[in-house]
Amino acid sequence: MKVRAPLHYALALGLTAFVGLSQADGGKVVNFNITEAEVAAAQAGWGEALLQISSDNRTGGIEKATATAKAVLDAAYGYNLGPVLFNPTLTSGEQNFRTTHEGALAYFVGGNKDFPSDSGFALNDWRKYEYKNAAVLINGDMALTMGNVMLTDKDGNVTTVDKTWGFKKDDKGALRIVLHHSSLPFTPAK
Amino acid sequence: MKVRAPLHYALALGLTAFVGLSQADGGKVVNFNITEAEVAAAQAGWGEALLQISSDNRTGGIEKATATAKAVLDAAYGYNLGPVLFNPTLTSGEQNFRTTHEGALAYFVGGNKDFPSDSGFALNDWRKYEYKNAAVLINGDMALTMGNVMLTDKDGNVTTVDKTWGFKKDDKGALRIVLHHSSLPFTPAK
Amino acid sequence: MKVRAPLHYALALGLTAFVGLSQADGGKVVNFNITEAEVAAAQAGWGEALLQISSDNRTGGIEKATATAKAVLDAAYGYNLGPVLFNPTLTSGEQNFRTTHEGALAYFVGGNKDFPSDSGFALNDWRKYEYKNAAVLINGDMALTMGNVMLTDKDGNVTTVDKTWGFKKDDKGALRIVLHHSSLPFTPAK
Amino acid sequence: MKVRAPLHYALALGLTAFVGLSQADGGKVVNFNITEAEVAAAQAGWGEALLQISSDNRTGGIEKATATAKAVLDAAYGYNLGPVLFNPTLTSGEQNFRTTHEGALAYFVGGNKDFPSDSGFALNDWRKYEYKNAAVLINGDMALTMGNVMLTDKDGNVTTVDKTWGFKKDDKGALRIVLHHSSLPFTPAK
C-alpha cells in the first residue's frame, strides 16, 4: 500500500467531499493505481541514474559504474517480474532485444564477452538529461509514455532519441520499467 | 477517456512539475483509472436513484417507478457487460442472487410473477439515504467499497444494511456496479 | 514494504511453465492476470485453511490454532497491502468490519479482550467445506466471486452463508483476499 | 461483455478445470482480460489490414485505399479513447508523433497537405507480412508486444522494423492499439 504523504492528503481533501467524509467516519482508502506524479518521478529518475553511472565511471572507474548500473537495474527495471520488453537505442541483429538482466547490464556498461558489440551506453560521460512527452497513458498499475529524450555529453553534443517506456507499479509502490523502446529519429533522404 | 474538468487541471498542476511540463510541451495524458471523487459520486448517485424511484412511485405510480428503475439499471449497473454479482438485502433461496437485469428489476420494483417473493424494495417510500464507508479499495478501472447504508422511510424508521459495492469504469468514463452484496446486520443472541 | 522472500523466486520459476508454452516463435510471455484456475484454488484453499485451524485446535489447542490462523492471514489475506474490506458473518456494531489483521485474527480464534464478542469462528470444529459460485468476475490482477459457502460441523450440522470475495494477485503470483463479505441468508417472515 | 465465440469457448474449456466446475455448479464467469490468442489475432490483423490497404490501392485507387485505412483506424486503433502513443517508422521532426486520427491516416495513405512529408506508408504495394515477438506482456485489459515485423513488397524486397505495440481491450471485447512505436533497426558503423 502506498503511504499517503501529507501532500496527498491535502490534495485528496481538496478533491472531494467523499474523502472528507471518509476521514470523518474513519474510512480508509487503498489505491493501487499509478499517478501522474509517480510517472514524472520515474522518468526523471531514469535520467538521474544514467548520469550517475557516467559520473561513477569518471570518479570510480568501470567497477563503480557497473555496481551502480546493477543497482539501477535491480531497483528500476522489472527483471524481477519476468522478461522486460527492452529494445535499446544502439543494439542490432540477434542481440537487438535485451529481455534479460544480463543483456541490459551489458548494454549500459559493456564488458560482457557474450555481448561483444556493447561498448557501454552509460559510459559516454553524459552530463545532462531532458525528456519531453508526446503523450502519456495511465491504465491501472501501468503507465505508458512516448516522447523524446535529449542527452548531452561533456562536449555539449546533444543526442535526441525517440523513447517509449512502460512502467508497472509493484507491491512496494515502486514503479518498474517493464517496456523500453528507444530508437534514433528517422532521417528522410535529402 | 475521462474528460479533464477544470478542477482536475488545477489539482494536476498543483500536483507535479510533470503536468506543467506536459502542458507546456503539448504533452497529453489519458487516464483510465477510477478516482476517489468518481467513487463518491457513484455511491451518492445510487442513493439518489433509490429515492427517485420511491418518489416516482408516489407521484406517478408503479409504471413511472418501473421506468425509472429500468433506466437506473441500464445506466448504473453493469448488466450490459455481463452477469452482475448482485446479492440483494431481502432475497433468499433459489433466487438469492440476481445476476440478470430482469432479476434486479424485479427486486427493486416487484411485479414479476417469475419472482413471486419480490414486493419491490425501492417502493418502500424511502425519504433519506446516507452511507458510511469502512474502507475503499481502488485498483485500475475498478473500485470496491464496504460500509453501511442507512435508509429512512416516511415514518422516520431507519434501516441500516451492510453494503459492499464493486464499480467498474466503462469506455465512456461511467462507473457501473458490477458487484453489490447487501445484508442485514448480524444480531447476536441475547 | 514487503520484502521479497526466497519463496518468490521459487514461485516465479514455477510460473514459467506458461512461458515455455509460448516458445513457438521464440517469444516470451509474462502474464500478470488472474486465471479461473487460480480463483478456484484460492476458494478451495480458504476452506482447507479453516478446517486446518479447527483441526489444529482439536489436536494442539488454542495456541496451535492461533499460530495457524496467523499464518493463514499472513499468507492468504491482503493486510500486508493495506486495510482489508472484511465483513465477517457474526460480527456486529462498532466492530462489524475487520479492516485490520488483529481484528481478523480475533474473529477467527477469539482470545482478544479488545474484541470481547469474538468466540472464535474457526474453533467451531468444522469438518467439511463446500462452495458454490453464483458468478465470478475477473478483471486484471483482481477477481470477485459471489455465492454460497456450506460448512459442516462435527455433528453434521450445515451452516450456509452468502459469501463475496475479492482476490488480488501479488507480485509473487499469490492470490490475496482484499475483500470478504459474509452474511447469513435472509429469512422471510412466515 | 464480449460474446464468447466457439473458439473462445474451446480455449476456455481447454484452459482450466474450473470452467468445467463453474458450468457444473451453474456459476457464470465474466473475464475482462486479454488472452494470448487475442493478442496474436490482433497482431495478425494489423498486417492483414496493411496488405488490404495496399491491395485496395492497386484495385481501387487512392479513394478506396483511404476508405479502408479510415475503417482500420476506426476499428483497430484507440483514437476513440484518447490520444494514441503512435511513433511511425518514417516520420520525423515536429510531426514525428501521430497522436491524432488525422495524423495517423496521413501517415498510412498520405494526401494531407498538413502532413507534407507523408507519401503513404501503406501504399508501398506490400504483399507479405510476418511478425516475430521477442516478448509479450499481458496486464489486465492491456497487452504489450515487442519484436520485429517483416514486410515484403511486390518485388520481393523485405523491410524489417523494430515494433512495439500496446493493445487495450474495449467494452465490446475488441483490442485497440493505444501504443505503436516502430523504428528502423540500428545499423552499427562499419
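Order of writing sets the chain letters: A, B, C and D. Residues in each chain are counted from 1.
As a working rule, a contact is a pair of C-beta atoms (placed from the backbone, for glycine too) under 8 Å apart; a residue touches a chain by one contact, two chains touch by 3 or more.
Since the model is a prediction, treat every value here as computed from it, not as a measurement.
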Between B-C and B-D, the pair joined by more C-beta contacts: B-C
Most distant chain from subunit C, judged by the mean position of its C-alpha atoms: D
Centre distance in Å when subunit A and subunit B are each reduced to the mean of their C-alpha atoms: 38
Between subunit B and subunit D, centroid-to-centroid distance (C-alpha), Å: 36
Chain centre separation (subunit B, subunit C; CA means) in Å: 26
Interface hub residues of subunit C, defined as touching at least two other chains: 28, 30, 32, 82-83, 99, 134-137, 139-141, 147, 168, 178
Touch-based graph of the chains, sorted into line, ring, star, complete or other: complete
Partner subunit A, residues of subunit D touching it in the complex: 82-87, 89-92, 96-97, 99, 117, 134-137, 139-142, 144-148, 162, 164, 166, 168, 178-179, 181, 183-188
Subunit D partner contacts - residues on subunit B that touch it in the complex: 1, 28, 30, 32, 80-83, 99, 140-141, 168, 170-171, 178
Touch list for subunit D against partner subunit C, complex: 12, 15-19, 21-22, 25-34, 36, 132-141, 147
